[in-house]
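What follows is a set of structures for review.
Shared between the two complexes below is chain A, which pairs with chain B and chain C, respectively.
Our next item is the complex of A and B:
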């Protein structure tokens, strides 16, 4: 995925100013990335939990997922993690459920879902698994007027960022990328700094192509400082 | 299946806004919707959230449900699904769906990118 450092992201600025807003997560925020065989090294779920999941759930108290994303969580560990967050008192994760939609909201949801779906591998009539979580999450939050969708998937981000040109119906939604939250945690000393560098490198600076298009950690971090320094108190 | 008719919504918002003498900016202030978005609703180019939809309905005085139309659901893929299929045939059909939907996505994305560069 390409790192974009041309302009500050208004969504990240808003989160810097108020980290307690609801942020809906795509499945890839909860699944340990595995880029083998590009690299020999994988990241196990326990390590991912320690360096990424625990920090984000501790820093952002209103993280959410759509119920369909739960079904996309591969393996028992991420599901158990979400189960524990959901069952904790008070709950530490918000689960968006389609059953909470009113009849009018369902019609709006179906309208937006059909617009989004044609640009993905999901078909609402087939209700197939491909891209299901992404389409269901985006159409739900668009109807409810929720603002932020955090993803590490180029297609999902484009559906939001090109909403006007592509008429996806997601004009009210804003995308937050994983690298922006990696920077947020690093900048505020809210996670292990070495682990944040490692996660950035693993996700965005591994292949020759990524090394030719994306900045190394030093340049990334200083460019992000230039874009966002004035917004941190 | 019911869906929102952006055409009906556009006509309703424009007609009621003009009959009440509101500019797009004034309607925007009353509903909390940006005036540019009001313009896009009137051009059938914006699907509002539930909060925006209800605000428009309250300020302009129209029934939300009148903006919906029945849309026939047709899908050529569904015809391929049959309970009579064996497990291995079902697996094959699912694989076929994945390939066809990937192709559909690529065609649609390519056309969206081409439209963008034409209008740039």
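Our next item is the complex of A and C:
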């Protein structure tokens, strides 16, 4: 994925100013990255939990997922993690449920879903697994007026960032990328600093092509400082 | 023969349609389409998806299927081709699907058995034969070769040699050629039955040997399933451009190409990671075994 450092992201600024806002996560924020075969190994879940999930759940108290994203986790390690968060008292994760939509909201949701679905592999008529989570999540948060969707999937991010051009109906939703939260945790000393550098490298600065298009950690970190320094208290 | 036969008007319509479309595509007179059928699909903006599907027991696998999809105002057309079939039958199957494309006679992924649809299939087969080898051209070749339009007095072996030459030039399957010769009245019903009973795929049989003697390279190619998995160059180009425009990342690029047995290296995009980085990441992320799934 290409790192974009041309302009500050208003969504990240808003989160810097108030980290307690609801941020809805795509499934790939919860599933440990695995870039095999170009790397020797994927990142194991326990290590991913330690370096990434625990810090973000600790820093952002109102993280959410849509129930369809929860369904995507069935049978894999993140499901137990989410279960524990959901079952703790008070709950440490919000699960968006379609049953909470009013009749009017359902009609609006169906309209947005069909617009987004034509740009993904999801077909509402078939209710197939492909891209189901992100289509359901995005249409739900658009209808409910929730602002932030955190993703590390280029297609999901483009559905939001090109909402006007592609008429996706997601004009009010804003994308937060994984690298932006990596920086946030690093900048505020909220996670293991070496782990954040390694996670960045694994995700964005590994192949020759990525090295020719994305900045190395030092440049990335200082460019992000230039964009966001003034917003940190 | 198929119990359904076409009347003169129907045959004439198909002949005109095939002739018009051949001319539109630049195939005039005695110009074989043969392998150019794949280029024709690109020109018509039809996406080809190739996959080998072996028959299951007595249930024959499909040869090809045409599908339409509409996105906004743009109509997308796909032809799915079973590459477990012999190559000459693949070419015939594509020509058959082009009849459905030209006449908008619909998707026939499942082939309904009612008579109307069977008639459409007979028409599509006739179109395929006419498109690949026009009747007037075949009549002219017969006349030029034998100085008569009737081959009733021609010996069986000579007919096999003649068909083998047509087969290797026009890339129409043996049985379609036999049928065509009967349709134009060049061979009798008895000759048709005798020729139709030949096991044309037996490379050690009489026809197989004649075919190989005629043009070994082409004949063997036509008598083999290609088992290709892939799509046409235009579709591969779309995948590459999506990658070049950063619409998909390297991982998705490699994954999508792999569906068609292709790799980024083949298009000059080798995904390289330095050994130093691999070792560094390996050392950092080696704390545990993988536990997913």
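We take it that the second predicted complex is superposed on the first by the 231 of 233 C-alpha atoms of A that agree within 3 Å, B and C clash if a C-alpha of one lies under 4 Å from a C-alpha of the other, contacts with A are read in each partner's own complex, and residues count from 1 in each chain.
What we mean here is this: a contact is a pair of C-beta atoms (placed from the backbone, for glycine too) under 8 Å apart; a residue touches a chain by one contact, two chains touch by 3 or more.
Predicted, not measured: the structure shown is a model, and the values here were computed from it.
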Contacts of A:49 with chain B and chain C, given as first, second, both or neither: neither
Partner chain in contact with A:86 - chain B first, chain C second, else both or neither: neither
Partner chain(s) touched by A:201 [first = chain B, second = chain C, both, neither]: second
Which superposed partner A:187 touches (first chain B, second chain C, both, neither): neither
Contacts of A:112 with chain B and chain C, given as first, second, both or neither: first
Chain B and chain C footprints on chain A, overlapping residues: 118
Complex contacts: residues of chain A adjacent to chain B: 102, 104-105, 107-108, 110-112, 114-115, 118-123, 125-126, 128, 130, 142-145, 162, 164-167, 169, 171-172
Chain B residues within the chain A interface of the complex: 1-4, 37, 40, 45-53, 64-65, 68, 73, 75, 77-78, 81, 94, 97-98, 101-102, 104-105, 108-109, 112, 115-116, 119
Residue ranges of chain C in contact with chain A within the complex: 71-72, 246-252, 254, 269-273, 277-278, 280-282, 284-293
In the complex with chain C, residue positions of chain A that touch it: 1-2, 31-32, 34-35, 38-47, 75-77, 118, 154-155, 158, 194-195, 198, 201-202, 206-210, 213
